[in-house]
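Next come two complexes, and both contain subunit A; in the first it sits with subunit B, in the second with subunit C.
Entry: the complex of A and B
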């Protein structure tokens, strides 16, 4: 199955990558008071471009659209090759919306304002690059470049133990990427040995038919790189540490965008490149997925630090993406992709909620919180919607992906689906626990606390406008999932074409 | 029949309007009025639809909106309008209308008045999505949606720790049932390739018995959660933390009956499996009896009625398990009316007594509140099963059916009937009559409630009196949905299958005509026995709590172990708390410490430190000479190449 390539009349993707970089340069040159407006404007433009692509994308057949390819280092077969299929496109769109939210939210940054926004802008360019690159060198460059601004965001603008968390994040994911690099180089050399062609293009490597054992080895190399990024159990401990220390906007990007790169990698590379190995590892992935879902849900409820709780809930949700992906059927992979989008929205919103609470009460610890609902009703409502979307309430985005992922899984393993389905219970438990301990039980407050609470301000304009896009799309996906399913159907079909045939 | 879409969307519109403008513009009482209008419109539309179905006997299937496509199957938002859904929809909308009106009085002056009516409207919308659905996914959407509304309304006064806890408990316990329910849906989809009821029914004939049993049991798991049957019943009594109109609407009349409705809706599926029917019967019977014992010794007025709800829902499930689906649905209707009446009556009492809940501290308020007392008495008599009130015509047939079919079940349901009559009249005498145990400060202000509260009471009381005489109409009306031979949408071979599945009830004849049934009750041994039992229950309560011939405290001492068992609700709550709340939380804490912090992070951070050491060692290989690096690269390439050659 060879895809069609539809060239872009206007290099819209390259422009989307360049806009944040240009904006970063401008921020660097101008006074720091322009940093935020420029960042917001640039991210909104990128969001508009990505929405334009989303709306004009042709979902019939499998076509790489808005495609651009320029020779880069032709001697080694390396080129600059970008384009989108529905998987890339939804991820780019998720990246774009998340950065708008992150920039709008970032109001009271006090230290190194210019550097803060520059770091985020470079990060945005790199994130988009990861999702649109079809050339593996470009992909790997974007993949690594992304680590540096994120490392700085945690390490410079984080909380007290930021250095430990940033280092752990960096070394851990870097460690994973090395295996990814070895895997990619291996494929490259193998392609040369087999076909006498030097190419780093995704589609050239897709044509390889690997020996079974080689497939297994390459699968493992790539999987290790991606599994750390997802993160899958037991490679997940860097994530709570990073989230606890990261500033709010950093957490939003980390949860909404960076985690998706791991699962994106699985769907993009592991399934199409290594179909036999994917089948072989299905039971392993199911096991790890189920452990992620149940075990980290238990981790979540054991937390008193609300950001750590949300971080663990992310790992738990990514377990659904894992099992959906490795169900290796249409429903499962569709479910995995929609869960990725949905989790981007809900986890982003939950981290915003944590940020909102921290900015009012200066603590993330449950013992200092509680009883806010009455004083900040608009926030309480949006927080409730986000929590319910995260808990998979039908009509909101979370349900669609989890339902499809479970359905796909159920078709191949009833046991896995049954255990994964328990997240309905344990997921609701930690989500409502979080909500209860932050918003309800006003009667437990001391009089001074109540006094302090009565001065609390509900969402300000910036905060409201960061929340709203996320919440609106939770409804959009939940109420009209068909549009999204229709969008990604053929891409999923392509991803699975070597596994299910056709 | 296109107008049917108005039924669910009218309350949705009310919800959106109140949600957006409630605090800023509508406030009190406009928010309440918007909500009442919203639900009244759907009540009128559903009554019209009910009449249409009753006169033509047809069923209608409207597909409104294509929600989610899975493979070749479209999950749609749709309406299946047949006698069963028409009845259930009418019960929901009509009872809701009166409870909404009552609530405009009950919630008067509450600072979150608009929020309350927004939630109530949301609830009705979700409930109607549930009742009107023609497929399992929309049912699940409504099912979870009413769960959300229930959560929000139980936790309505969320400043109270107890309310916040009860709300969370209800949602999580319901989710246990929903987990099974969702698995049932998935299994059904894999087997049938569709989730539309009518298509599933059409394919029943060829499906393996084990599979059909599994589907039915998994779906029933959801019903056990939603309808608070043993062993997932613990959330319902705690749900009484919500405002009383909520208890009346959600936790008595409508939402908790959703499980009963679902089983009736999927009657052909359940009837295809004897094991499934037996399970429904067993769980229902146990709940009917055990919940009644728990209700005997409680002192919180709302909780007594809540246990009564559990118990009555058990009767409905028992009826379905016996194969008497129409009787189950008739009892659902009847219960919705008289239980809403009882709850609203208790709400009226609570307003008069400033939210005093303990019946031991009430007494002698009957004269001050004649309407509340009179209507409450009617509700109590109905619950106890005294003619001519509707409860008699709906509950006694179930017990008589059990007598014909299964003696074991009959014993429990019969015993439950005595307990029912006893506990409700214990409540009645303690609250409205008996001695003066009331705090004098409260007594001064005891007064009858305003008309917007008493009128709903009167309307429901009138319904309680007259509804029983429409028994024959209801049973016949439901036939096209619940009697296999009349069900037009079933293929012939499935009709046969379902008919055989219900064979346990074939030899049972229960008089549909209300007057004949009454005559039969007054003349037959069984009828007199049941009536006598109810009267005995009332009389016992009268002797103990009104005449005080027997000291209840002494009685308690005499039966201390049994009393403790009942009072502690058979220790369900305690055991669940120890295992699933405390145990789960502690286990999570331990796992977090041992699993994540010690083991996983021990390895991760340890290898970090290890690599620092290794770096020191490896540094020695970095000689800084180009030739050295070239050599290392060569070694790498050779390793790769030999790997390929070796593996090929």
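Entry: the complex of A and C
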């Protein structure tokens, strides 16, 4: 199955990558006070471009659209090759919306403003690049470039343990990605030896028919890189540290975009390239996924630090994506992709909520919180919607993806589906627990606390506008998931074409 | 014909005109030598050196055709010309940064200049030697000049210690190499690479194996590969920082080039036992260099160990004795020039200030005081670590390609693991610069020349990293020249 390529009349993807970079250069040159407006405007432009692509994308058949290809390092057959299918496109769109939210939220940043926005702008360009690159070296370059700004964001603007967390994040990811690099180079060399073609293009490597043992080896090399990023149990320990220490906008991007790169990698590379190995590793992935879901949900319940709780809940939700992906059927992979989008929206919103609480009360610890709801009603409402979407309430985005993922899994392994399904209850428990301990329990408040709370200000304009897009799309996906499923259906079909045939 | 050409034609040596760059460099060295006796003006001396070297570099561009001269003792081909060009250019960069440094340290030694140029001349001879004799002469000229350069601060204990260690170890290396040359001559009856190649082609006996092993040991010592690296940290730390930069970049690259040339042209590729030797040395260098660097608190010393680790990365390409490996080695060597010199010049720029000690503590909050310089250092650190879009990634990428294409998986894994270890200390520098508050008050004085050099090299690291095609093409061409030379003559 070779995809069709629809060339871009206007290099819209390249422009989307360049806009944040150019904006970063402008911010670098101009006065500090221009940093915020320039960043917000550029991210909104990127969001408009990605929405335009989303709306004009043709979901019938499998076509790589807005496709561009230019020679880059011809000696090695490396080119700059970008384009989108539905999977890439939804991820690009998610990246764009998350960055708009992050920038709008960041209007209250005061420490080293210029550097802050430059780091985020470079990060945005790299994140978009990861999702649109079809050349493996270009993909890897974007994948690694993203480490530098994220390292700085956690390390410079984070909280007290930030340097440890930033270094841990960097070294974990770097470790995984070097194995990913070896895997990619291995495939490249193998392709050269077999077919005498020097190419790092995704589609050329797709044509390769690998020996079974080689498939297993390459699968493992790539999977290590992706699993750390997801993060799958037992590689998840960097995530709570990074989330707890990162500034709010950094957490939003980390949860909404960076974690998706891992699962994106599985869906994009592991399934189509290594069909046999994927089948072989299905039980392993199910086991790891279920452990992630149950174990980290338990961990989440035990937390008193609200950011750490949300971080563990992310690992748990990504477990659903893992089992959905490795159910290796249409429903499962569809569910995985929808969960990725939905988790991007909900976890982003939850981290914003945590940031809001910290800004008002200067603590992430549950013992210092509670009883806020009455004093900040608008925030309480939006937080409630996000929490419910995260817990998987029907009608909101979280439900659709997890339901589909479970449905897909159920067809393959009833045990896995049952265990994962049961943990949805735990998921609801910790989300409600989080909400109850931060928003309700007003009766536990002392008089002076009440006095203090009555002075709290509800969401200001910037905060409101960073919440709203996320919440709106939680409803959009939750109420009319068909449009999204229709969008990704053919892509999923392509992803699975070597596994299920056709 | 120019006058020079007529003159040399009169000497009766065929193809003498291809020696023009060497002659210009030699004249510059002698001129500076004489000038230094009569004037105390550092600016004049350094200007003369720079102008002389620049003319030398330009004269390389006028040579359109390679040739063998001095009756087979000297070969000028694209390989040697390209390396000579880079060597001269980076020597100029080191020299222009030497002047502000020694000025602030109040150590007026004019000897620095002509010693550097003599050392450069040695390297130029070395990279264009088709013969063990000229190879040996070049190597010695380079080494002896560098011994003195390290020890020139006579009154400083560290300088003496570093120079002494370097002299003893380097001398041992020289002895080993001469013994290897004697053995090779005894076995093959020739010093000429091509003749040796034909003689040893189908032979494998203990004498030859020992000879090659000794040659490898000697060269590894010069390239500071573990376990022959003990002189490196001390000599690097003791030398004035711009000289350290010169040694870590220019001398190193010349050594890699000559290693490549000797190994490829004199010893057959089809049963290249030497590649195992280099593979082991490279692996050990990566492990030791990176792990010891982790412990360093002094950034200059840390960079010295990092340079040992880089010797490992670069020589690892020899584990794959084919075109891909050689290309990777040449590419990595050329781009390593930019990172290594840049890093050391960065240190030298700050070291001029009395309250700067190269200790990692001094880096705290540097990004606040000198945001642009800190950004340059960040680029160097991530480049040495091998993160795209810097050129360090492209270098490692080439080495990975070479290793995996020759199925040397174990070395690739060593490279991966040690790269991750190296993140520990490179990231520490970045973290100290960006994530701590400044401890010392006031800004540091920086010379515009130094700012320019550091900035220029950092920008090049990024530019070549994003668009490496030109450098890959150069490396490809040089490799094909090298391979074409095998067994010819």
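The definition used in the following text is that the second predicted complex is superposed on the first by the 502 of 502 C-alpha atoms of A that agree within 3 Å, B and C clash if a C-alpha of one lies under 4 Å from a C-alpha of the other, contacts with A are read in each partner's own complex, and residues count from 1 in each chain.
Just so it is clear, contacts are C-beta pairs under 8 Å (C-beta built on N, C-alpha and C of every residue); 3 or more make two chains touch, one makes a residue touch a chain.
Only a predicted model underlies this, so the values are computations on that prediction, with no experimental measurement involved.
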item: Fit or clash - subunit C, subunit B, common subunit A; value: clash
item: First (subunit B), second (subunit C), both or neither touched by A:160; value: neither
item: Subunit B versus subunit C as contact partner of A:461, first or second or both or neither; value: neither
item: Partner chain(s) touched by A:418 [first = subunit B, second = subunit C, both, neither]; value: first
item: Partner chain in contact with A:141 - subunit B first, subunit C second, else both or neither; value: second
item: Which of subunit B and subunit C A:209 touches, first, second, both or neither; value: neither
item: Subunit B versus subunit C as contact partner of A:108, first or second or both or neither; value: neither
item: Which superposed partner A:60 touches (first subunit B, second subunit C, both, neither); value: neither
item: Subunit B versus subunit C as contact partner of A:189, first or second or both or neither; value: both
item: Residue contacts on subunit A - larger count, subunit B or subunit C; value: B
item: Touching partner for A:178 - first (subunit B), second (subunit C), both, neither; value: second
item: Overlapping segment of subunit C (options 243-251, 315-323 or 387-395) - the one that collides with subunit B in the superposed model; value: 315-323
item: Doubly contacted residues of subunit A, that is, touched by subunit B and again by subunit C; value: 171, 185-186, 189
item: Subunit A partner contacts - residues on subunit C that touch it in the complex; value: 367-368, 371, 378, 382, 387-389, 393, 397, 400-401, 404-405, 412-413, 416, 419-420, 423-424, 427, 430-431, 434-435, 467-469, 472-473, 476
item: Sites on subunit A touched by subunit C in the complex; value: 72-76, 112, 115, 137, 140-141, 144-145, 147-148, 151-152, 155-156, 162-163, 166-167, 170-171, 174-175, 178-179, 181-182, 185-186, 188-189, 192
item: Subunit B to subunit A touching residues, read off their complex; value: 23, 66-71, 137, 140-141, 144-145, 148, 151, 155, 158-161, 163-165, 167-168, 171-172, 175-176, 178-179, 182-183, 186-187, 189-190, 584-585, 587-589, 591-592, 595-596, 600-601, 604-605, 608, 637, 640-641, 643-644, 647-648
item: Subunit A residues within the subunit B interface of the complex; value: 168, 171-172, 185-186, 189-190, 193, 211, 213-214, 217, 234, 236-238, 295, 298-299, 301-303, 330-331, 371, 373-374, 377, 388, 393-395, 399-400, 403-404, 406-407, 410-411, 414, 417-418, 421-422, 424-425, 428-429, 432-433, 436, 439-444, 479-482, 485-486
